[in-house]
Amino acid sequence: MATTTTAPKLKTHVGERIRRTEDPRLITGTACYLDDITRPGMLHAAVLRSPYAAARINSISIEDALALPGVKAVYVGKDVESVGGVPCAGSMPDLRIPNHKILAGDRVYYVGHPVAAVVATDKYIAADAIERIEVDYEPTELVSDPEEALQEGAVKVHPEYPDNVAFTFSQEGGDVEEAFRQADVIVKEKILVPRLAPLPIETRGVVAEYDEGAQELTIYSSTQIPHLLRTQLALQLNLPEHHVRVIAPEVGGGFGSKCNVWAEEALAAFVAMELKQPVKWVESRRESILVVAHGRAHVDTLELAAKNDGTLLGLKLHILCDIGAHHQLLTPIIPTLAVLMLPGLYKFRSFKADLIGAFTNRAPSDLYRGAGRPEATYVIERMVDKLAAEIGMDPAEIRFKNFPASTDFPFNSATGLQYDSGDYATAFNKALDIVDYKARRAEQEAARAEGRLYGIGISTYGEICAFGPSPATPAGGWESASVNVEATGKVAVMTGISPHGQGEETSFAQLTADALGIPMDDIVVVHGDTAKVHYGIGTFGSRGISIGGSALHLALQDVVAKATKYAAHMMGVDAETVTFEGGVFSSEATDSTLTLADVALEAHLCRQLPPGTEPGLAATRFFEPSNFAFPFGAHICVTEVDKETGEVDIQRFVAVDDCGRIINPLLVEGQIHGGIAQGLGPAFQEGVIYDDEGQLLNGTLMDYSIPKARNMPWIETDRTETPSPVNPLGTKGVGEAGTIGSLPAFVNSVVDALSPLGIEHIDIPMTSQSIWNAIHERSRT
Amino acid sequence: MIPASFDYSAPETLSEALQLLGDEEAKVLAGGQSLIPMLKLRLAQPARLVDLDRIPDLNFIAEDNGTIRIGAMTTHHQVESSDLLAENCPLLAKTAAHIGDVQVRNRGTIGGSVAHADPAADYPAALLALEAQVKLVSASGERVVALDEFLVDALTTSLEDGEILTEVHVPVEQAGVATAYRTLIQPASGFAIVGAAVRLGVSNGNVSFVRVALTGVGSKPYRASAVEQALEGGPANAEAFAAAAAHAAEDVDVLSDIHASAAYRASLAAVQTRRALEDAAGSA
Amino acid sequence: MTLKGTYSLPARRQKVWDALLDPGVLARTLPGCKSLEAVGPDEYRMHMALAISSLKGVFEGKVRIEDQQPPESYRLTVQGRGKIGFVNGGGSFRLRESEDAVTEIEYQGDVKAGGTIASVGQRLMNMTSKMMIKRFFTALEKELTAPV
Amino acid sequence: MDISVTVNGERFERPVEPRRLLVHFLREDLGLTGTHIGCETTVCGACTVMLEGRSVKSCTVLAVQADGKEITTIEGMASNGELHAVQEAFWNEHGLQCGFCTPGMIMSVDQLLNDNPSPTKDEIRHGIEGNLCRCTGYQHIVNAVEAAAKAKAGV
């Protein structure tokens, strides 16, 4: 064995812009998404959904459907009563959880409510059969609007409850009444945060297959949480968990909408077990927009107390969250996250929040990218701007004034969270420099002198992610990872994280390559199959790298420690004298070196292992973080509004984000860009529209508008890196940052542009129509 | 989403197609970019589709004697990229470039679009400003009618049962006439909320020729005669354009939907008309 | 969606009123109406086949005439259900006769749709509703001015 | 009806119902599942393929309409184990995340670069407006198209 004379480069992967290892299959069309799966004898299911927001079902006639050749079965509510309802993980003391059956019983509660399912040999036949089912609905009174739902004497969504309150939650910190007494200025606003369709380009889908001999149920689902889904399905179907295998194939985007447990998953499982044939159900786009839990859905009323010098004193908030007719998995939890994050990046002395979740005859709401944090950041960033305008202070200055200093960390927020680390002013200054804030303000002055509507919008946002720790996370906040160095020297990494576009196959391979000193090509990252990997919680809340990566980091350390011990034994030296660098074990005591592959082979052949050690070169670790991580950043948007048409031209968009330590800057940029697109959507285009009959009016992509390439501005990104102390990698998370940070910058920019007209707030989405309305109303008065 | 069953024929001659259309429940397929989505949503359930795609004589752009004839099955992409049109009828070529997206333009046809009569389609604004005509053929003969008469109402034309739209006729653009098309689109569908097409001739600082047509505003695209009258013979300047454009939605029953109120559409009609006039004046 | 407007018919008010409440006339003038049969006083069951270009829908529905103030005003409610969803409409009609025996009908009402038509057809709702009303009045005018 | 279609250079003859959508024919009858379905209304472009050399949304074409014609799908883009320049550029520039829109996007970009070998950023954004991506915010896609244009031009 040769002695290396030059020191190997220690870290060649972490921190580098490395193109993704998952991409070859994705760019060649060889990846296998849910709808690409076929199983021998597979049947196809279609779901009939209610056209009414509230109705009694008097009868359902299925004979015509059953008579169609190729139709195997039709199921209605009573056929599937043995299956447990759709689960909800909330735990408020007054939480009301109505029975959320997987197919409607004698009532429907929202448009899109599943009423019956057809199973046929072909999806064309299933679609034909759906049309042949006759349902005798008797429409009943309904309540579509959440504010109306809470009024005295409102129609009750669930007749078994005395009112439409699904749950309440309150939180208080400091003496808020005193703060309001001391205030020089109090600003108030009512802000609507509309319902958003998460809209991954791949809709939901499930394939269920039952092996009667092995009694094993295999569920392929386009999910972010295969293990949690396995647990819930086992409960719903009353099966031992080890008889249920969940596989998440290639998942075509989730954005939180696939971090759920859906009626159709249990339905497909039930059908496969009943018919003893595999069955596939793939959602249509129309179903997706209609029933895939919408995000946000807030009506917020805020009051902010401050001193004339801009010092923030206290905040009062009332959140009304429209949860729809039923809970999904995390429905009640999401708005509580908004409450917790409401103080934003600021040193508030006091705080009081009341949250009410209201039942309405609409589809359920639940998590969507950012889940609670965009709602919080949006309203606080709007209120800070409103205060700045009120007291005539520059919106940048008022933010600097109220940031905690970098030396104040860990910093305790008014809501009792402990922010792990931060340097808010540095990130903000960087953004101001990039956009050249002073020059932009001068430009604004010149534009205004010409009567043009030019705006500069600032958002300094903070967020909470890397979900753990477990006591604060409903399903557990830990994650698992296994590393197995195979006899060939190749390495398999098994993770409980279940990525769907984030690129963890690459970032986990980067961590592994550096820790083991081997090329990334020698590493396989395995995920998304409950039969292949240890129990994990899943991918949401930017926990992939911080929690899953940390578990991997620990497992890699174990593997290296084990291998070092073997290597020392093989070289006949003390383990303490062995160093491991660049994949090579060496010891000053001898001239010889060993590669990881040499050691791995020996660990498998076990010819000369030290006495008392276990064979193999593998390790499994579970990681539990000590706290959440708190990324932050500053986004600045420059716009000009067309006075006559209400169109907005976004001239600049600067995003400086701090997501802690960075494993792959290329992937981080991608997350930021995509996140910003999902802040731009709600700012200008998105929002489902319900009428007062509970009908969703923009149910296709012809009417529901998500950003297209031409809607997006060029995004100028930069970053600061403040490591997090709550996990060994120092990472924080970046999946939600763009979505959370950008929305307020867009809105503040447009409001700033419109402010010469006396406009102080405009609700989202700020469509050209709504901006035109605002301008038009002003110019009339 | 899956269409209900239907029969399909792809005749190779027009007469064969006309024969097949004799069946009342038959429907012409001319590209299908509007029809196929409706089939999939099962909002349309014809018994038979008669696909015109394999009839060779329906895909052409030809000029003769000052009239450009465009075969019904000519795609938007072909119109957009035709040298003949770029030179002789630029308004139509640039309007085609606004339709849908590349894939839709590769597949959708001018005949299909005009016969579908969507009140927010782009073509009609240009075609009305061009005083276009359409050729309709039936088993018993053929007729050429002005587009203005052909378009009856939203999604409704004067096409009779058993009749096929085979050609669209537009004039070779006059010398000295500049054109422009301005739209504000509904961001999801790409359809025009308001689209304004203008043809403008100016001599000695005065408007010598003007045609203005709008789409998206009412249930039927229309010539804005009041705007034209206000401009004709008068000065070609910003004030005159603004004053005339204010008449853009005059006497029109303006549509209102979840994307744009009637008041907003009416205001946009004036703004986009004025801007299109300015564009045309600027490019002349 | 709210619809309102006026339409002038060249006939005396009583004649227009009689026509508007005549099920035979309604069956001939309501767009797409294939059959209209009485199921109670001022209440009818209707079979409709609506066709606008390639858009097609078959509806089974109910028509009810309420609050009659002959010959001045009444309310009409229409409920239809079909495979592509349902449409419910209700509106009031007010009749005024001007000099030279012209009757002006002022209508105001709401149209609500559900199911597929609600979630996919918004762009078409307003224009098709207006078109339906226009078709109805045009047919009614033809009916009233037809030589007897 | 029996149809005969040449896909990625190979001829296939299959019976189909007239109502069968081209995208279902490709995915299910021929097993070419690289072409995806994202919407039903001719908006998202995930199902984009080349039909007679022009990009089309295969969810809005009937299989019978493709009878006798030539189709290229994402599976036909790489040749002899060499990625197509557009594929390579998407990989290098991180022009994809979940990858679901990517095959359709690549087909559209191929069309764009065939029509306009050196597009500006604005022309790129215009050229791909028939394709929705929910992950990337399009910026890395725009970079990828520029990189592909350069690679194809040999610079």
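For reference, chains read A, B, C and D in written order, and residue numbers begin at 1 within each chain.
The rule we apply is simple: contacts are C-beta pairs under 8 Å (C-beta built on N, C-alpha and C of every residue); 3 or more make two chains touch, one makes a residue touch a chain.
Computed from a predicted model, the values in this text were never measured in an experiment.
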Any idea whether B-D or A-D has more C-beta pairs in contact? A-D
Centre-to-centre on C-alpha atoms, which chain is most distant from subunit A? C
Suppose each chain is reduced to the average of its Cα coordinates; what separation in Å results between subunit A and subunit D? 29
Between subunit C and subunit D, tell me the centre distance in angstrom, where each centre is the average of that chain's C-alpha atoms. 48
Centre-to-centre distance between subunit B and subunit A (centres being mean Cα positions), rounded to whole Å: 44
Subunit B touches at least 2 other chains through residues 1-2, 4-5, 37, 41-42, 186, 188-189, 258-259
Return the residues of subunit C touching two or more other chains; collapse runs of consecutive numbers into ranges. 83, 116, 120, 122-123
Tell me, which residues of subunit A touch at least two other chains? 124, 131, 284-286, 697-698, 700-703, 706, 708
Which two-chain combinations touch? A-B, A-C, A-D, B-C, B-D
Note which residues of subunit C are touching subunit A in the complex, please. 83, 85-86, 112-116, 118-120, 122-123
Contact set on subunit D toward subunit A in their complex: 17, 19-20, 27, 32-41, 43-44, 46, 73-75, 77-78, 83, 87, 90-92, 94, 96-103, 106, 121-122, 124-126, 128-129, 131-142
Which bits of subunit B are touching subunit A when the two form their complex? 1-2, 4-5, 37, 41-42, 184, 186-189, 258-261, 263-264, 267-268, 271-272
Spell out the residues on subunit D that touch subunit B in their complex, using ranges where they run on. 1, 17-19, 21, 40-43, 45, 48, 51, 54-57, 59-62, 64-65, 67, 108, 111-112, 127, 129-131
State the interface residues of subunit A toward subunit B in the complex, per the touch definition above. 123-124, 127-128, 131, 284-286, 644-647, 685, 689, 697-698, 701-706, 708, 711, 767-769, 772-773, 776
